[in-house]
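Heads up: the structure comes next, in structure tokens.
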């Protein structure tokens, strides 16, 4: 019965930690090629949602179907293999290695699994792929720099680039712009979204910054206390009462602190 | 409750042996060995708990304690001083060794490593162990020392048909004192609360304005004193000869691993389990005496890596 | 005219003799002897150091030519020897590596020493492989010459079998109504062989005694025997056999005495000699004490010139009476001298081996017949006594000392000691 | 796999050493045999070390390898050098593979400790079992090569050198594969590796097994070159410490490092023991501390510094 274009179906998702309810009857359909923004105050259940979709957390109840296959119960690895990939709020990269090495490993893992993993990693074919990625994410200048020496923004780019090399169908970005200066944030997102559009990747990203949301997403999921209180285009969402009260209000409030 | 459950679980076996003397002997042997293990391991586990350092050189504290005690007990009795002084010497030796070695090692070497990899620090202490082992040779020579005076002084008693040396029994008392002392220090003093804060989370400790470097130095010295005390108190019952630190260190590793690294209560339970097991082995199945200890250690690590009595650890992921 | 001929003949003889002598005179004037012994660990003080002292003392005397007759010639085949002292500790494997270094890197002429049976057992095949003339001084396991015929390896004292057969015989004579026995021995060749030989001999000569089923074999150099001691105190046996030596023995005696073990049971210590001198009044009275042969306290009063020289010189230099290890290393060095004197200081390893093989010589305290193991293993008398603290002298003495001739406590050549004992010790002449 | 600098150097060095060995005095040949035998184990520990894992119990596999040779020799009279080597490597490798299922879930101190525990269990069994030689261990009869029993140690020395060469080349290749590259990566960030779709557990399991095979081979070769095994110098925890010591001394920089490191260690120990029989441990310990403090990259980092300058020109 699933409508033809929907590739991710989330049904009655529930996650509780003891008494705490982190997610409650979440029902979403994501269609191929959508760019979805996930907003909500801290602790509203955004990252929890991302973690459940990517298999880092097992839901207490409910089902997550990706192109008809049930994801609940699969580990992060299986889900990555299935074609769902993610970036992290705090970039998860190999800090003592260079940008190039980071991407090489990501590429290698994406390209040769199983027994192939025992063949040489550094092949011309992979090199060309590498250069492509470096170009796309404007990382050539830093390619020989050790990650720990890089600026937040570059690390975030690398983090996302590494998530994408496995050519996922769906990509979840957890607060891509957090820790990136106001000046840089748009250039940064242009690079990322530009690259992702080319591959026609379906993107869900958690975001606090409403300007970013307005500018890049086609649809907004607003979380409040583990529930989705709004699922609509950004314009309507930002105008929506509940959203303003429970999400943006909080956001502005938070910004003042 | 571990030890008692352990004993009850095995009581059928003791009664099966159906021999009160055997039971009493095994119990006493086990308790004595446990006590000795506990005194040494307590120091090791405190150091680990607070500083996250698994100190291989702890075996050397033990050896230095034993040597210092034995050396001066011998000297004093040659000078014709009353043998009762031996007990004072034992205490003094432990403190002197702990303070001097502990201070030098912590300030001279470990202090400069706290930012390095945990395992690397273990290796550094292994290097220290090698060095200290030979300094003993140079300082005390190769001749074994005998400090039998305190043991001779207390003579021996008849207990339910078996002869025990009183000194060995006092060992149990000393262990009890150490245990209660540590418990009191940790739970009933301001120091203890600070210590527990640091144990739980170093950063938190710093943010609470605790002088962590000082805590570290004092902890290490404290642990070293206990290590020294273990050696000093056992000295009168053994021939104090080179290399006696080597076996102790792995034994006390086993103890703290079984009990849970960083936990005093754990060390107590670990010592009891291992001490009693070994005593049973020696009496009933001498061949397995050596490896039973490490078998337990391995099994615990496999099924309960954090030990039977691990302290709460903050999860940081 | 025949006279002339005779003179001529004599002349030639004389010339050739001189030439010959000259030839010998041109031989090496220094040799290096490596003397491994325990310089570290619990065995060093009671065993390794006295052993090394004995070796040094005898070597000096030989270099100076001050040994009593018939050994009062200077040097080893005329050459004066310098000793390389090295530590025997660290395990057999380390010793094997060190031995190779001695031979191949440091090019020593002879190797004389070794206390641990473990080391001797490991080194015998290496010595044969490297064709290196080697005299084992103290180590005791019989296996060394029973496992294989040796060409370059010698041992100048009796082995474990004689210690334990003699011990059993002494027990039989002095404690005839003894019912059962147990033992505590180290868990390596020496301890295992000692217990085996004692146990088997007891079964032969005191068939109505029984062995305990819980004999203890703690790790060598363990140093702590609390549990083992209480296990034995519980044992019904009324005799405890131990081949402990060095620091282990002293620790065991202390810990056992404190627990009244030796009040309850007869203690038989086959290597007790060293403790007798070192422990003073801490040594319990009534121990059956051996010294692995006619050495140390057992022979202190033998008034042969050689023995008196040994005892007095040692006491002058080191301030104490020589214990067994000192004698054993001393006589091993003496054996080296004899070999060199016969074969010449430039002799090859083969010549040295030939010179020592099968000979009989007077050592400091006893006569040594190299008649076992194809002339490579010494046979000597072996004896025991009972300890007693002599308050007015302030030292330990042994009473009721009895010696058994070699032919009584050792198998004939070519017979494996276990088979010999099990076979009722055929051919034993006591 | 021969077309990179390391491989070329290894081949050349092996050639030189084999030829040189024919003219070198015996004791030097011995040093090389002991050094290269141990280097095999170090090679494996280096792979773990790069992954951030330090085993304080690899004497277990080293000992298994050595005792495999000893048992084959004393019970079955197997003397062929290759059979002995295979036996040692396989026994240790199988044990390592099985234990690996547990080990792959452990990190840091726990990894180190669990290995110690397991090795001490074996130590306890061997020391207490007379049929396993207890404290004495076994003497190992001279090895034969295809039924021939060589007069000198030279053939064995050549074999050890070639085995070392082969292992070094193999590990060198392995480190260039995707699996092999997942060393520093795993040390840096396991979560990312998992999210990239690769099983950290599998990667570690493989590395662990490799290290145990190498340790077993090392033990076997060591047993053959020494002609003796005993628990104190093959299985006790101090031996594990020694192996780690040499690993740090060598440095993780290159597969060449373990061979240089072990050689330095052998020579250091020989002379330390010769010059200061009572203080040789002190010398070793002090060296160890110095390395940890002032030369975290081990001897190799020194060589790189010196060599680096040349390469720039």
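Points worth noting:
Each chain carries a letter (A, B, C and D) given by its place in the written order, and its residues are counted from 1.
Basically, a residue touches a chain if its C-beta (ideal position, glycine included) is under 8 Å from a C-beta of that chain, and two chains touch if they have at least 3 such contacts.
Please read these numbers as outputs of a predicted model, since none were measured by experiment.
Common partners of subunit C and subunit D, by the touch rule above, are B. Counting hops only between chains that touch, subunit B reaches subunit C in a minimum of 1.
If you compare A-D with B-D, the chain pair joined by more contacting C-beta pairs is B-D.
Greatest centre-to-centre distance from subunit D is found for A, with centres as Cα means. Of all chains present, the one whose mean CA position sits nearest the global mean of protein CA atoms is D.
The distance from the centre of subunit A to the centre of subunit D, each centre being the mean of the chain's C-alpha atoms, comes to 44 Å.
Note on chain placement: the centre of subunit A and the centre of subunit C lie 80 Å apart, centres being C-alpha means. Inter-chain spacing, taken between the CA centroids of subunit A and subunit B, is 52 Å.
Annotation: 33 Å between the Cα-based centres of subunit B and subunit D.
In subunit B, the residues that reach two or more other chains under the touch definition are 137, 142, 286, 289-290. Of all residues in subunit C, those touching 2 or more other chains are 39-40, 217, 219, listed in ascending order.
Taken residue by residue, subunit D touches two or more other chains at 127-128, 191, 278, whereas all remaining positions touch fewer. Chain contacts here follow an irregular pattern that is not a line, a ring, a star or a complete set. Screening every pair of chains for touch gives A-D, B-C, B-D, C-D.
Residues 39-40, 85-87, 90-94, 96-98, 100-101, 104-106, 117-118, 121-122, 125-126, 129, 186-189, 192, 217, 219-220 of subunit C touch subunit D in their complex. Interface residues of subunit D facing subunit B in the complex, by the touch rule stated above, are 52, 54, 56, 102, 106, 108-110, 112-114, 116-118, 120-125, 127-129, 191, 237-238, 241, 244-245, 248, 278-282, 284-286, 288-289, 292-293. Chain contact summary for the complex, subunit B toward subunit D: residues 54, 56, 109, 112, 117-120, 122-124, 126-135, 137-138, 142, 246, 250, 253-254, 257, 261, 286-295, 297-298, 301-302, 305, 317. Those residues of subunit A whose C-beta lies close enough to touch subunit D in the complex are 54, 75-77, 80-81, 85-86, 92-97, 101, 104-106, 108-110, 112-113, 116-122, 162-163, 166.
Only residues 25-27, 30, 34, 127-128, 130, 134-137, 139, 141-142, 226-230, 232-234, 270, 273-274, 277-278 of subunit D touch subunit C when the two sit together in their complex.
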